[in-house]
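Before I ask anything, here is the structure I am working with.
Chain nomenclature is as follows: A, B, C and D, assigned in order of appearance, with residue numbering initiated at 1 for each chain independently.
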Amino acid sequence: MRSLEVKNRTSSDTIKSLRLITAIKTPYLPDGRFDLEAYDALMHMQIVQGAEGVIVGGTTGEGHLMTWDEHIMLIGHTVNCFGGSIKVIGNTGSNSTREAIHASEQGFAVGMHAALHINPYYGKTSLDGLVSHFEAVLNMGPTIIYNVPSRTGQDIPPSVIQSVAQNANFAGIKECMGNDRVKDYTDNGIVVWSGNDDQCHDSRWDFGAVGVVSVTSNLVPGLMQKLMFGGKDPSLNSKLMPLIDWLFREPNPIGLNTALAQLGVVRPIFRLPYVPLPLARRIEFVDIVKELGRENFVGEKEVQVLEDDDFILVGRY
Amino acid sequence: MRSLEVKNRTSSDTIKSLRLITAIKTPYLPDGRFDLEAYDALMHMQIVQGAEGVIVGGTTGEGHLMTWDEHIMLIGHTVNCFGGSIKVIGNTGSNSTREAIHASEQGFAVGMHAALHINPYYGKTSLDGLVSHFEAVLNMGPTIIYNVPSRTGQDIPPSVIQSVAQNANFAGIKECMGNDRVKDYTDNGIVVWSGNDDQCHDSRWDFGAVGVVSVTSNLVPGLMQKLMFGGKDPSLNSKLMPLIDWLFREPNPIGLNTALAQLGVVRPIFRLPYVPLPLARRIEFVDIVKELGRENFVGEKEVQVLEDDDFILVGRY
Amino acid sequence: MRSLEVKNRTSSDTIKSLRLITAIKTPYLPDGRFDLEAYDALMHMQIVQGAEGVIVGGTTGEGHLMTWDEHIMLIGHTVNCFGGSIKVIGNTGSNSTREAIHASEQGFAVGMHAALHINPYYGKTSLDGLVSHFEAVLNMGPTIIYNVPSRTGQDIPPSVIQSVAQNANFAGIKECMGNDRVKDYTDNGIVVWSGNDDQCHDSRWDFGAVGVVSVTSNLVPGLMQKLMFGGKDPSLNSKLMPLIDWLFREPNPIGLNTALAQLGVVRPIFRLPYVPLPLARRIEFVDIVKELGRENFVGEKEVQVLEDDDFILVGRY
Amino acid sequence: MRSLEVKNRTSSDTIKSLRLITAIKTPYLPDGRFDLEAYDALMHMQIVQGAEGVIVGGTTGEGHLMTWDEHIMLIGHTVNCFGGSIKVIGNTGSNSTREAIHASEQGFAVGMHAALHINPYYGKTSLDGLVSHFEAVLNMGPTIIYNVPSRTGQDIPPSVIQSVAQNANFAGIKECMGNDRVKDYTDNGIVVWSGNDDQCHDSRWDFGAVGVVSVTSNLVPGLMQKLMFGGKDPSLNSKLMPLIDWLFREPNPIGLNTALAQLGVVRPIFRLPYVPLPLARRIEFVDIVKELGRENFVGEKEVQVLEDDDFILVGRY
C-alpha cells in the first residue's frame, strides 16, 4: 500500500535527533468526542514553547480508549495542521499484530513521520514472537519501540532490540527500565528516549539519552525544553520534581488530565476508566503551580480547584 | 469536534469556482488493499493536466466498497500529499445520517476542502427527511450535494435544494437530471456541476453550469480540461463521445476500471461486485484510444487488450 | 469458517414453505440504541399471531442504519430467544460483496436460518457482476434474493435468477416488480414471495406466490396471516387497502414507525434520515385503526395522535 | 437495551456453582479466520468430558486478537449451538470502559450466561477508577472478575472486590495471585476460581475455591474434571504437573496452540504475535503425551512432532 510521495518520507535520522517529544493529551467534549479546538491550542503551545515532536494517541493521549478510526483521524489531523512545525509520531502499536500493521499502514499513509510500537501487552508472547511482531511493522517507516514493563507485564530485553535494530527504520527506544538500561543501549549506539520524567535529566546528561518522551511537558513545555537543551541543570530538575511526583501518584494520565482541567486549557471531561484525582490532590496542584510559577504552565487562566461536580465522566461515547 | 486551524478552512466560494473535478479512481493491490503508489501517480496526472479538484471515494472511486477507516485514510492521504495543488472533496455521504455525520467530521478534521453528500439511497426518506439529513452535515464545511436518481432511486427535487441552499456552506449541486434541471438551478443562482460527461459540454456552455464532476477525465484529463476551459467546442465534444459512450455501457466504474488497466496505469484488479468488461469491449477500447490518440490518455505504456486471466477479482479484502 | 452443528442447518425446503414472513421493525431507546424489550414484545406478537418467519434488519428494520456488529447481534439475539418458534432470516445483503460475505458468514454462525440478499444498490454492477455477487454468498446457506428496483436503481432480470437458481441454497425471490414477473417465475418452478403488501393477495392466490414478506404484518399480523392462509378473500384484501395505502405514502418504514409509536408498542424515536409522518397523517391513522378495529392491531394501549414534540430524532448514536 | 426474555436470564448462583470452566482455544483457518468446524469439535470434547462452562475469547482464546464483531459472533455461535449443554461465559472485558460496556451488552443480548471482566490492563487506572469501571458493566448480568497482575500490570486489591461484591450480579473472582489470596476471599464468602492450573488442586481442596478456569482442560478435560470433582488427589495432581509446566514455559496460549496442533485437533495456524514453540519443546510434548496416556488427551489422531514448515503464521486476517 506504499506511497512514494516525498511528503510521506521522513528519515530515521531526523527522528533520532529529537530531544523533546511530548506525549500529547487528547481533550474531550462533554459527549466524549474529541475537542479539536482545545487540541489545536495544546499543539500550538507545544510548538511555540519548543517541543520538537508529539506522540499522538499514546498512553498519555489515551489511544487505548480510541477507536482506530478516531486514532488515525487524529494523526491525520495533526499532520495536516501542524506537520510542518513538529514531528508527528503516531502510536500505532497494539498487542494485536494485525492491528499494529493496519494502523501503521494507515498512519504512514496520512503522513505521520514515525510510528511508536509497543510489545504485546496483556496477551504477551515469546521472545521469538516479539521479534516477529516488530518485524511485521518495521518496514513501513521510522519506528520507535516503547518498553514499559509496568504496563505491559513483560520487559523487552536488549537481545530483542539488538535483533530489530538492524532495520534501517529503527530509530530508537523509549525506555522506562532505568538509567543502567539506558546506558547499556547508548554505549552500543542505540538511540534512547527516557520514558520517565523523573529520570530524564540524568538519562540525557549522564547516560547518553538523546532526550525524553515527556508527560510533564504537556504542562510546562518551556521548562522541559530547557531541561533537555540547556545543559546539565540539577537545580531545575529538583524544582520540577514535586510536580513530577504529583503527576504520577496515580496511573498516568489521571494526574495530567486533572491538571490540564484545573489550568483551564481542557474541559474537565474524563473517558472512563479514568477518574479525576480527589479534592486533596487538586488543592496540592494549585500550590505546586504557585510554587513553580503560573507563567511556566500552559494556558492563561488562573489555576482552579475544581469541585467534584465540575467533572463529567463518560462511559458511552 | 470543530478545529479552527487555518489549514482546515476553505471557503465555499473557492469550491464554487472549480470547473474540472475528477471523480478519481481507487486502484488496488492483488489482495484488495489500496495501491497508493498507483493512486499517487493518477493524482499527479490529474494535477499536471489541469484538474482543479478530485472527489475521493465517490461512486467512481468505489467509496461504497471501502470501510470508513480506509475512506477517511484515503482522504487524509490525498490532502497530505496533494492538498496544496488540488482541492480534495471527500465523498462522506451515506444513506445513514449517522455515518454521514461521522465521516464528514472526520474528513474535515483530516483537512478535506469540501464534502460531497448524497441523498439516502436505497433506504430513502421523505422530503422532510432529506432536509433533516442534509442539515445534519451542512454546518461542518463546504458541501456539494449530489443528485443521481438512477442510483439512489429518488430524485432530490429543487424544493429541497432551495431549502438547504440558504446555508453558507452549500457550494452547489452535482446534477444528473439533465440540462433543463441544470438551467432551472443556474437561472436561480445555484452553482451546478454536470454529473454526466456526455452532457457536460452543453451544461457548461449553454446552461450555465460551472463545470463537471467527470469520470472521463480520469482517462483524458487534458481534453476534459479543454472542454471546460477552452470555450464552446462541439467538435471536441463529438470526438469524445465514442469514448464516453463506451465508458458508460455498464454501470460506472466498470468501464473506467477496465480502461485504466488496459492503459497500464493500474493493476487489473477489481473489488467485487465489479467485474471487467468482456473481451469484445476491451478490443473496442484499443480502437477508441488509437482514434483519439494515445498521447491524450494518461500513462505511457502501450494500450493492451488484456486477457480474462489477467484480471483478479477480490471478494474478501 | 463453516460450522457443521445440527443447530446451524436449515434446509432450503423449510424456507420455501413459509407463507407469512414479517420484515420486523427495530425499536430504539432515546439514545438511539436498540430497545430489546420492545423488540422482544414485537417478536412475541408475531409468533402468537401466526408469522412463520422474520426478516431481521431488512429495509423495514433499518439494517442500513445499523453498524454490522449491531446487525449481527440482533440476528443472534433473535435466534437465541425465538429461533425455536419462528424462522430467522437475516438481511445480510449489501452493495459491497465483501460486506455481504462477511455478514452472511457471521449471520449463519450465530444461527440464522436463511439470508436475504439484495443486488448491489447505488453502486450497481453488470449482469455478470450480479451473478458473481450472488455466487459469492450462496454457498453459505439458504438464501432469498430480493428485487426492488425502486430502491436499488437496477432490476434483477430473470436471466440472473435462472443462473443462480441452480444452487441448492437458493430458496426463492422476494419480488416487487409485479404479478406478471411473479407468474413468470412461479410458472418456472421458482419460489416467490411478494414484496408488495398491496399485491400480495393476488400474488398468492392468482399468480402462484408462496406468500409475502410483509411490512403491514408488523401492525396486523393476524389479518395478514388470514390473507395468506385463509383462501382467496378479496373482501379482506379490500378492507386492508386503506391501511396499506397509508403505510406507503412515504418511503417505508416512515409510516410503520409512526404507526407503531401511535399504537404504544415502540417509543416514538427515529433514527435519521427517517422522520415521522406529519400530524395530518397521524390523525388519519387513528381513523384507520378504528375502522379496521383496534383489536386487530398489535398492542393493548389506545391508539394515540402523538404531538410533534413527542418524537425524538437521533443522528448520533 | 435490556432484554427480558427468559432465555437471556441466568442467575449468578448458577455461575457460582461451576467447578470446571475451560478457557477454550479459538482455532483458525489458513487465512486467519475462525475454523468453526474445529471449534465445534473442541466444544463437544469439553461437554462430553465434563466441563461445565467455557470462557469464549479469553486470553487463552485470544480475544485480544479478535475484532469485537468476531468476538460477539463467537459468543453467539457458542450459545446457539452449545448453550443448552454448557455455560457460556463471554470475555467481554476490555481496558476501555466503552468497549467493555458495548461488548457486554451485545454478549448478553446474544445469550451469554455470564461475562468475564478484567481490570484495565496497560492503560491502568486508580482504585476509584477500577470501581467505576466494574460498576459500569455489573448491572448487565452475572459477572466474574479476573485478576492477573502478570498480564495487567496492576493487582486488583481485595478492597475493590469487596466494594463491587455487593452487586447481585457479582458471581466471583478468577484469581491468579496465589492461595493466600484465595483463602482470604473464601473465608469471606467470596467465590473464587483458581486461574493457575498448577495451583488449582490445592485451591479447590485446601483453600475453598469452587473450581478452576483452566487452560490445561483444553487438552485433558477428563483429568481436570477428576481433579475438581474426585476429591483430594495429590497423585493425579503430580502426574499433571509436567504437562502444566510445559504449557506455561512461554506466555499462554503459545504452549496450548502448539499442543493442540500436535494432537491434530486444530490446524497449525497462529495469529501473530504468537509463534509456535520450538522443535525441542515439541519433541518434549510427544513424550509428555505418551507418559500421561494418549487416551487422556482430546482427539483421536496420533500425536505428532510438527516441522517448522508445517506452521502458518498470519499477520493480516
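In this section, contacts are C-beta pairs under 8 Å (C-beta built on N, C-alpha and C of every residue); 3 or more make two chains touch, one makes a residue touch a chain.
Note that the structure is predicted; figures quoted are calculated from it, not measured.
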{"item": "Pair with more cross-chain C-beta pairs in contact, given A-D and A-B", "value": "A-D"}
{"item": "Identity of the chain that, by mean CA position, is farthest from chain A", "value": "C"}
{"item": "Separation of mean Cα positions, chain C and chain A [Å, integer]", "value": "50"}
{"item": "Rounded Å distance between chain A and chain B, as computed from the means of their C-alpha atoms", "value": "39"}
{"item": "Distance between chain centroids, defined by C-alpha means - chain A, chain D (Å)", "value": "33"}
{"item": "Residue numbers of chain A (touch at least two other chains)", "value": "316"}
{"item": "Pairs of chains in contact (touch as defined earlier), listed by label", "value": "A-B, A-D, B-C, C-D"}
{"item": "Chain D-touching residues of chain C, taken from the complex the two chains share", "value": "1-5, 7-8, 29, 33-37, 39-40, 68-70, 72-74, 76-77, 79-81, 83, 105-106, 109-111"}
{"item": "Chain D-facing residues of chain A, complex", "value": "32, 59, 62, 64-65, 95-98, 101-102, 120-126, 128-130, 132-133, 136, 149-154, 250-251, 254, 271-275, 277-278, 313, 315-317"}
